Structures are given as C-alpha cells and as structure tokens.
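What follows are several structures.
Note that subunit A is present in both complexes that follow, paired respectively with subunit B and with subunit C.
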Partner chain A sequence: MGYLLKNCDFVLTWINDELRILRDVDIAIDNGLIISVGKAIEGHLEEINCSNHVVIPGLVNAHTHTPMSLLRGFYDDAELMTWLNKMWIVENELTRDIVSLSSELSIIEMIMSGTTAFIDMYHYPDVVADIASRYGLRAALGPTFIDILKSPTLVENELRNFMSRYGNSSLVRPIINVHSIYTVGKDTLLRIRDLSHELDLPIQIHVSETRDEVYEAKRKYGVFPVEYLNSLGLISSKSQLIHLGWVTSWELSIIAKANARVTHAPTSNMKLATAGHFPMRELMEMGVIVTLGTDGPASNNSLDMFREMKMAVLLQRHSYWDVSIKAMHAFRAATVNGYRLLGPRGGCLGNGCVADLVLLDLGSPRLQPIRDDNILSNIVYSADGSDVDIVIVNGRIIYDKSRDYQVLRERARRIGERLNDFTRKFL
Partner chain B sequence: MRVCSLFSGGKDSTYALHWAVLKGFSVTCLLTLRPRRADSWMFHYPNIEWTSYQAKALGVFQVIYETSGVKDLELEDLRKAFNEVKKKFGISGIVTGALLSDYQRMMINIIAHELGLRVYSPLWRKNQVNYLRDLYRHGFKFVLTSISTMGINPKLLGKVLTPSDIEELISAALKFGFNPALEGGEGETFVVDAPLFRERIVIDDGEVNRLDQYSWVYIIKSIHLEPKVLVE
Partner chain C sequence: MGYLLKNCDFVLTWINDELRILRDVDIAIDNGLIISVGKAIEGHLEEINCSNHVVIPGLVNAHTHTPMSLLRGFYDDAELMTWLNKMWIVENELTRDIVSLSSELSIIEMIMSGTTAFIDMYHYPDVVADIASRYGLRAALGPTFIDILKSPTLVENELRNFMSRYGNSSLVRPIINVHSIYTVGKDTLLRIRDLSHELDLPIQIHVSETRDEVYEAKRKYGVFPVEYLNSLGLISSKSQLIHLGWVTSWELSIIAKANARVTHAPTSNMKLATAGHFPMRELMEMGVIVTLGTDGPASNNSLDMFREMKMAVLLQRHSYWDVSIKAMHAFRAATVNGYRLLGPRGGCLGNGCVADLVLLDLGSPRLQPIRDDNILSNIVYSADGSDVDIVIVNGRIIYDKSRDYQVLRERARRIGERLNDFTRKFL
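Here is the complex of A and B:
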C-alpha cells in the first residue's frame, strides 16, 4: 500500500547537497520509497490531501538516551560528572519494565515532534528496539561498553545476541556503543575496534565533552582524546564522535582524514555547563558529516529536534561571533546528514529516497508569514514539534495528529505516573 | 580560525591559549609585550624575558614586542603589535587571559576592533575560586613571581603552587579581600608546566626581593627545559 500526498504547498528537499524548495507538488510513495515528486500518478495509491502543509525530510536525532525520560527534571543543576554520578545511582536499579516505559515515553515525544530516526545509547537496547519497531520509528542502537558498570565480556555477548536478533531488521540498525575513554579501558577499546571490524558495525562514543576529560587524557596518555582513539585505530568512517566540545585543530584534521562522523548536542552541552560548543563551521568546511542530537531527556530536557536546530545555530553564533553557521547548516545536519550517518538514502524527497518525511501545519502562527525566501528560517528558528501534523517512516504513517494525538497524550500521561512511582524513592 | 594569543607567561594567558587550541582554533603565534618599566598598566612585567622558554615548550612561534609601559603610549604600542601580527600571520582574532580587568579588556577590544580583529577572553568573569582549583586539576603548574597586596604569604614566591598553597591563597583572598586569581595585580605568576607543554620548565635559580611592606618580587635567574613524564 502506498500514498499519494496531493497538493503539498511547499516541499523542502536536498538535491546534490543544495536545498530546493518546490511548490504545489504531489509526492508518491510506494514500498517504503518515494517514487515520484512533482506530478500526480493515477493508480493504486491512497490519496492524502496535503494542501496547507509543508513537507520536509524526516529529522534524525543522532544522539540520545531515550530511557532517560525517567530522569527528566530529576537533577538539573549539576555539571557533568556530578550529574552522571547521580544518574548512575538510579540506573543501577533499572528494570526492563522501567526502560520499556521510559523509552516509550521518549518515542512518543519524538514521533509527535517530527523525528523519524534516532541513535540511542542505553541499557537494555533490545527493549528500546522493540518499542521503536512497534511505533515504526527507525533506530540505531546496541549494548553499551562501560567498564566501570559492566564487564566488557558481558557486553560483547549482549552485542552478539543483539546482532543476531536485529541484524536483518528494516528499521533497527545495530551499533556498538562506547560510553567514553574515561569509563572504558584500553584493552576494552582495542576489543571494540576488533568487534567493529568483525561484525562490520559502527561505533558511537562520547568524546572530548569536558575540560576534565581532555586534560586527564593528556596527563595519562600524553595526547588528547581523539588522538588517543586514533592511536588505537578507533577513528574511522565507522566512528560517530559525540560532543567534541574541546577539540584541537589537529584532531579535526584526524577526524576529516578518517571520514569519521560527528554529532553536536548543543542544548545538553549548555545545560551541563561543559562550555562545549564544537567547531561546526570548520568541520563542515572540511567535509565532515556533522549531525545533531538532543542527548538524553535528563540533560536537555526536550527531544524536539526543531529546538535543537535553533540551538545549534545560536550557540555557534554566540561562541564564534559570526553568522557563518546558518539555518541551512542546522537543517542539513538534522536531515540529510543524519541519514548519511544512519545508512539509508534519506533526508531527501526525491525518487528513490526512503519515504521518511514530516508534514508541518501551514496554519501554525509560528510559520507565518511564509514565502520561499523565509520558509527555512521559519522552520529552524520559529517552528517547534507541535507544528507537526503527520510523520511517515519507511512509507508508513506512524503519526497522524488528527488520529493519534489524544491517544498518545493519554498514554504518555499514564507512563509518567508509573515512572513517578519508580523514581519516588530516589527523591 | 587563525588567532594570536596575547601571552605573558602567567597562568591566565597560558590557560586562555589552551582554551583556544581546544576550541579548534589555530594558534599561530604568541604575542608578548615587554614593558620597559615595572609599573605597566597593561602588561605583565616580572620575568617576561623567560617566556621564550614557554614558547619553545609549547612549540608556538613567539613575537616579542617592546613597549614603553607608559599608560596610553603602551596602547599605541599594542596597536602596532596587533597590526604587525595580523599582517604577518593572517590572523582574524586575538585571545587574551583577561579575567576581570575592564581597563585591560576594553583597551584590547577597542584596538582590535579598529583593526578588524575579534577578541576572545574565555576567562572573563568566570568563577575565580573554581578557576584557580581547575588550573591545578588540569595540569597547570605555576610559581608566584610577585606580590603587591597584604595577605599573601611571601613564602609562596618562587614555589610551584600545590593544592594546599592554592587553598591558602583562596583563604587569604577571602580574608583580606583581594581577588583569589590575582587579577587586580595583587600578584603575578609564571607557568612552568601545562598540558600543551612538550617539555616542562625547571627553575634552577631565582631570588626574592622585597620592594616595600607588602610588595615582593621573585626574579628568575636561570631555567631549563626537561622532558615530561606521563602520569598514569
């Protein structure tokens, strides 16, 4: 079964890395792919009237910890290490049920705000993967190496099981999660490198998030974190480096040369006072695939990628005192670059692109007045997740506001109550 | 972003330089202004001649520019120096270690603005006590080279400050009401080791001179560089 999105007022898409704005077009979707953009196709497709809508590629939240909605607003006012230690106290008592509920809450929030795919790092990734699949969202995730909490042998076993269970999934992509160089030892890092080669899996790792981390690495290893990982063979096109708030120019060259991917989480960096505002312009100019993530709901505390795009631009401008990073760069990071990181041909609304897209309500005051020349500005600087009307992933409507809004809100409220029952004893 | 770091060899300019490097900036030069008189309004005076060892340890090219040290005239010297490094190194920004001194920060900003240079002062109005503790924690080792206020123990002069020395300094600052990071000119420092130093500096010889009741200076007479050892 496919869809014909009729009379879309505006369509934003990437063609050859340039943003194009199309007017008054139809989009045909079949078998999970976009098969036509521009003119109507007669036939078997179910028609959806898309007048009064803007269609954009799906948004990719390239770094989050979905089950941490459990800890939203739990401990807001601390720097990273103090904050992490507090999180770990609760996380030591997590159950599969709690992870299931809290990841479901995040997934509801994400689909209601236009996220079509996310990359996750947390315990019980199989639980999160099942919830994501049930809601129809794309997810890249896997067990997390963190030596100080869990034996690496156990994590490796989990990884192999996860791989055999989800390796052929159309929506779930297994990855190797590595918490950081300060929680994972050298032997484990070397083992992770070998596993990545053996299983052909990407690696996601937090790197150079705080001053403490980089100076500690320099003291212990004589080099900064990216240099250290590179010396262990862990900087490659399979690496996804998260944060990079404190990174040297020569480390940027290492990243670019290796074609590693990077993810910026501006809100979380600001909230945790890491002062981490990574060199987005330099990385993009070097051709590095820059993506955006909200980080977890305990350190953001929202999973709304519209907010994150705006924050990314504003933080760059505030830090570097220039306007070289524009709305377009944030939109690229959140859409087409997110899909380049994930794998499937997405982030575009053209023939052959995966049918992951979002319809925004043109009737929203936040999007008006709207014209070709300001539509992107309105989307990045003014819109928010509540302007989302329909979300399609892999050719399937996973969220239709007119159909799902009340049901999902009620479900979120009930989950919230159950999560409060769990966290009460830690308050 | 190509920048030049305004460098006195003290803890603040050294820390600001590290900030710039870890921001992905390309720090193409150190600019050191050497005042001809000790009471310069703008620039660090004690032991400025030894900064060449720090530049060597950092592996960054250093430009040393003579300045009169006379208020207003030294601003003209600063303008000339900025202009020279801008032309020579093609920089677009200056990094400074200014903490709280409005005179210093604003003068640098005004001159840089006239020349089309941006100024980055990463330590501006940061919590001074936390900053002082962070310095040690992050591997910055420095000696106290001058005192010009009541309340700082002269025994700290010429000594690589330990965590307990730093706590003593903080306590004294609270008691006597001076800035714990010594931003108001209450003291000067000289960095002997930092994360980006390829070698550490060892002071072989120096002497403490008392200038008046609360004013002391530590004059370095001889230093050398030594290989660093990693600390697991």
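Here is the complex of A and C:
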C-alpha cells in the first residue's frame, strides 16, 4: 500500500539538523517508508492531491497521560501535590473500560490535530496500546512504578507481560514508566535500573517539577533530584526526564554527559503553577535532545501540539527575557527530536525515513499571508490542530478529514457521555 | 430582524458580575438586543437550532493592530524596540489599499474565531472602520498620535474628521490612540488630554511595556510612566492602559483611584520577550476593569481570543506561583469587561443587553466530556476559534460557518497573495 503525494505546495523537513523548505514537490511513500521526494514523480501509487497544502513531519507528543481526558476540567485550580491527590482518588477506581474510553477520546483528539506518536504514562498501558494500534498511532508506553499506589513486584510482572505482548510491535514501543522520586523508593529505583538493563528499555520519569520536590530531595538525600537519580545509575541515554523546571545548572552537565533526553511541558507547568524554568537554551547548547509534550489533558487541557510549540517559544522568551528560542527550536523539539527519542528515523524525507507525515490545509485565514520565509512561523505561531487535513503514520492514512471528521466527532461525543456517568459520583 | 435561538444546550452569561450557566434555554433577539431568555419561548422570529451548542457572550479583543496581518511572520525574532523599528520601515510605505486588504484579512480571522468587537490602533482607521462595519463587527478606534512619525496637528485633524464621520455610528466608536510616552512628547500629551475632554473621547495608550521604557521615564522625568501620565492629567476613567508589564505597585493605586481601564496582552509580551508581570490579581482586587487583547497579528501571531484567554491564565499562574487566576477571570476579562470598556451593555443576557453572542459547536473531541461544572474550563483551556459556528453582533448574524466558511477562506487566500506582492520588496 503506497501513496504519491502530488504537488505539495510546501514541504518542511529536517536534513542534517537543518530545516529545509521545499516547494511544489511530490513525495512517494511505500511500505511505511518515504521512498522518493522530488519533482514530477511517477509511479503506480495511489495519488493524493497536495496542492494548497504544506506537508510537515508528524508531531510527537513526548509526554502525556492519555486516559486523563476523563478528568478534563474536573479539577483545574490547584497546585501539583493537591491536584495529584485529587486525581488519585478517582484513579483508584479506574476500570479497563474507562481507560479504554478515555484513551480513545484522547487518541481521536491527537490524530485530528496532527500527532503521529505519543509517549504515555498511565494505568492499563495495554489498553492504551491496543487503542493506539487500532487507530494506527505510534505509542511508547508501559506500566508505571509508583510505590505509594502499587507494589513494585506487581508493576514488574505487568512490565514483563507488556514486553512479551508488544516487544515486536511495529507501532508500540515498551518503556518503563517511573512516576517520580517522591512516589518511588530507592530500592524500587535500583530494581528499575536493573530491569532497564535486562530488558533494554528506556525509562521515563517526572523530575524536578516543583521547588518542593527539589528541596525535599536535598533535605532527604543531601543532593538534588538529577544527582540522586544519577547516584542510582538512572541517568543514561535511556532516560527521558520530564519537566526539569527546577533543575540546577550543575545537574545539566550530568544530563548532557549521560546523553539523557529531556521533555518540556510548558502548558501543564504553567497551569499547575509550578513556576521555575526549563533551561531549554542551555540544554540545546550542551547538545541534549529536547522534546515537547502536552502532559495529560487534565492539566493542559488540550492535546494540540501546535499550541504546545507556540507555548514553548513564548514561555522560554518570557523566562530568558530574550528571543533566543525561536519557532524552529520548538518545531525541531516536536518533530525530529521526538523521533530521536522514540526510535524510528522520522522528521526527515530521505530514503528510509518513516512515512509519518501531516498535511496541513493552507486555506485558513489565520495562516495568510504565506511565503517561504514565514511558513514555519505561521505553523508554530498561528496554526492549530484544526488546520490538519490528513495524517499518515507508518505509510498509512490514519486520519483524513474529508472521510473521518464526522464519525470521530460523534464517537468522541458518545465517549464523553459515558465518561460523565463515571465521574459524576466524584463531583 | 430578529432571531430565536432554540434549545441552547448551555448558555454562559454574567449576572451582577457572577457567571451563570443556564441549560436548555431559548434566547430571543430583536432590534439588536436580547429581549427574552427562558424555557420554550415562542415568537414570530426566525429560529436557529442551538442544540449541541453553547452560547457565550461575544469576545472583545481589547487591543490589536488589525492591519498588521500584513506583517504576520515577517519579523518574529526581535525585542520590542528593534522589532518596532523594522515594522516602521514597512509602515512608512503603507497605502490605503494595503491597509484595507490587511484589515479585512484580520477581520475575517476575528469573526471566524468568535470576536464580536475589537479596539484598534493603526494608520488609516477610517479604512479599518469601514471594513469592520461592512462585516458587521464592532470597533473602537481612531487616529494615532505618534510624534516621531507624524505631526500632532495632522493627527488632530484626522481625529476631528473621524469624529464627524463615525461619531453617530452604531458599530464604530471613535477613540484617541496614543502610541506611548517614548514616541509622543509632553506638549502633544497635554493637547491629547484637552482633546479627550473637548470631544469626550477615551484614550488608549501603551504604557510600561518594557523595562527600558520605565527606566527611561524615571531618568527623564524623575517618575514612572503612569505617574508621568497622571501628572499630565492623562490617567482617568477615560484611559485604557495597555501592557503594564513593568508597572510599579504604587502606580496601581493611581490607576484604581482614577478608575482607569487596563488591558493584558500576554502572548505578545511573551513573544517580544518584554518579561515583567501584569499584576492582574492586584488590579482585580483593587476593582480595576481588566480586559484582554491579542495585540497585533505581527506580534502574536494569532487573533484567536480563546487562545488568549488560556494564555492569560497560564502566564498569571506562572508569575504568581499560584492558581489564584482562574478560567473565570480570563473569561470575564474577554467578555463583560470588554463591553464595559467599549460602552454598550454586553456580556449579559438581560433586557437591554446587546445581542453580541457566539455559538460554539460542542461536537469537538477536544471539548469532551462536557458537564455544567467543566463547560467554562473547556471553553477557556481546550476550545479554540475553530469551534465557532455562528457569530451575532448587534442582533445580526455576521458569521455562519455553514454559509460563510468557504467564501471567507477564499477571500483571505486572495488577500494574502496581494499582501505578498507588497511585502516582497522588504524581504
């Protein structure tokens, strides 16, 4: 099954870490990969007319909690720990059915807004993985270690089962989720390190999200969170560190030296008033791979990666009092860097690059005027998910607005009603 | 010409400064006003089916520079003064035709995203006013005093002409625009004060936007910008002060005592890296009417007031390190407070309230699940302008997606091409 994207007005792609803007080209896709890019390509592939469209690499939501659409707008006005405690009350009573419905709702929202892959942390990851696969979306996820709610032995068993079920999937990538150093004890952290080596799995963890977390670590362990994790052997090229709003400057070299990956979640940090500053410029200068995530729909409350890209630039400029962070940096974080973190070669258009692409409709008034020199700006600062027309993952069209728009909306509406039946008792 | 909005799923309105959420009601509109709200209203009015919709008061964009869609994405990466100087190079060569096209583009974007009124500062305000009137949008605007570009006598003449032309318009409200204290001299400011008294016109001015502006005022005049304006008699209930990112705490009492109005423009401030902090909580506590604006499409680069509401809450939470600013506060700033500033009684649903309303489609997956207790949250944190279905201003439908969507998009695209012909020579 292949496609030929004909006459794309604009194509944005990364070549050797440089953003390139191509005009009026065709893109041939076969067997899940991009096989050719250029003028007037011919071939026995199904043609898709891409005039009046810009083709961009798929957006990677590098950190979310997909099923939390259940709790969208449920409790907006609290700081992180108060908020988490409220979330946990509801989450204690979650069922596979509810997780299935709420992750489906988020997955619908994600594909409709141009997300081609997401990295998830939540209960029942097998349920989320199945829904993602059914919709054709890439996902990296796995069971979550969180000692205060669940025994680590239980999570380890879940993880081994998850591995054996999804270890060979083309769309699902198992990872080890670790909630945080304040909800997971030292013994469990050491066990996680060993599991990561044994099973060759990446680790995703919330780190240095609040000032309290950082102070508490210093008080309890005499060191800051990244130092603490490093002392346990948990900072490596397999680690994905989320938030880092209160990371110290000297911890940055630990991250850079280990080639650990980092994820910025600006909207969620602002909404939960965690303050602090994710040092994006320093991290980039040190060569660290910076990615971008919306965090869950209960703390954002959107899963629109276009909005998140804009938010990242704005918050960084506000914090640095300068304009050193530009649209390009957010676009890189959300595309090619997301793929570096995930595994498959994406964000590019060469041979062997995965065919994870988004076709944006150029007709929206908010995107005018359009030229080579402002197309990226318009995508990052003016577009939103509603401009997405077609989403291709692994060479397959997983969303086509002209075909799927009404069906998905009706499905989402029905899911919403069923979720309300569940949450009403907590109101 | 009247309408009966039948079976509105949700209606959000302000009653005595309290937000009320009504369910399953009808709204009768006649002669530009709301005449009745309740269950099962009958009447000889044209019916609009509002099931699956939420009706909200129209959004007021309290500060923008409408024709700057011309410069969207033209120059994104500079701080305010460098950026302004670049804008001025292009603006020196503006024609009425270009201003007409670029303001039309912005007005299309605004009505498609639920804005019912805007307050504008730019060259050729008569051109902007005519386009706004043609599209049926409310606008408050007028010539801009900016000594470094234009003689004040010229601007005064323009103002008197503008007054005589639009003084009795139902949609256009003349105001006196003053660029800033760093582009307008003391003599001109005194003249503006007298003109404001003589013509009974409000004054809009950028104040304390950057640290440099504040330091420079202190150095030059021995006082801070609001103190300086106050010493010239320019802080009164007729003043609308924009930005205030670097206002001092003691200037807030001057603002509150004078009953001056203020406008927060978070996205633009962040994009231009002006830093600082608009003290929204203190201003609200002192009873000051806080409003919200996108600023121009060259420094935002969007005119979507839904996105701006979210941005305001997020930036405020980030600055205060707490969650005291809530969705309700941004919604109030963008609706009822905007109307307080503009003049007509809006943001409400009682007899005599202007029929400026927006119908939002509840079908979008990003808005699920929906309940009484989270509908406001979903509007502020999850919705965007694309959820707008119908916009009513002064009792007239000025945008109906099912009727106008394609036509407006095509018009915007054509305008974009013509604007590019103009800007290309500056690239």
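Throughout what follows, the second predicted complex is superposed on the first by the 424 of 427 C-alpha atoms of A that agree within 3 Å, B and C clash if a C-alpha of one lies under 4 Å from a C-alpha of the other, contacts with A are read in each partner's own complex, and residues count from 1 in each chain.
Methods note: a residue touches a chain if its C-beta (ideal position, glycine included) is under 8 Å from a C-beta of that chain, and two chains touch if they have at least 3 such contacts.
What you are looking at is a predicted structure, and each value in this text was computed from that prediction instead of being measured.
In the superposition on chain A, A:73 makes contact with subunit C only, not with subunit B. In the superposition on chain A, contact is made by A:320 with both subunit B and subunit C. Using the contact criterion defined above for the overlaid structures, shared-chain residue A:382 touches subunit C, although it does not reach subunit B. Once chain A of one complex is fitted onto chain A of the other, the partner contacts of A:374 are limited to subunit C, with no touch recorded for subunit B. In the superposition on chain A, A:301 makes contact with subunit C only, while subunit B stays out of contact range.
Touched residues of subunit A, counted separately for subunit B and subunit C, are more numerous for C.
By the touch criterion stated above, A:269 is placed in contact with subunit C alone, subunit B being left untouched.
In the three-chain superposition model, subunit A touches both subunit B and subunit C at residues 320-321.
Of all residues in subunit A, those touching subunit B in their complex are 208, 211-212, 214-215, 218-222, 224, 246-249, 251-252, 278-279, 282, 319-321. For subunit B in complex with subunit A, the touching residues are 1, 21-26, 118, 134, 137-139, 195-196, 228, 230-232. By the touch criterion given at the top, residues 69-70, 72-74, 76-79, 105, 108-109, 112-113, 267, 269-273, 275, 297, 300-304, 307, 311, 313-315, 317-318, 320-323, 326-327, 362-366, 368-371, 373-375, 377-378, 381-382, 384-386, 408-410, 412-413, 415-417, 419-420, 423-424, 427 of subunit C touch subunit A in their complex.
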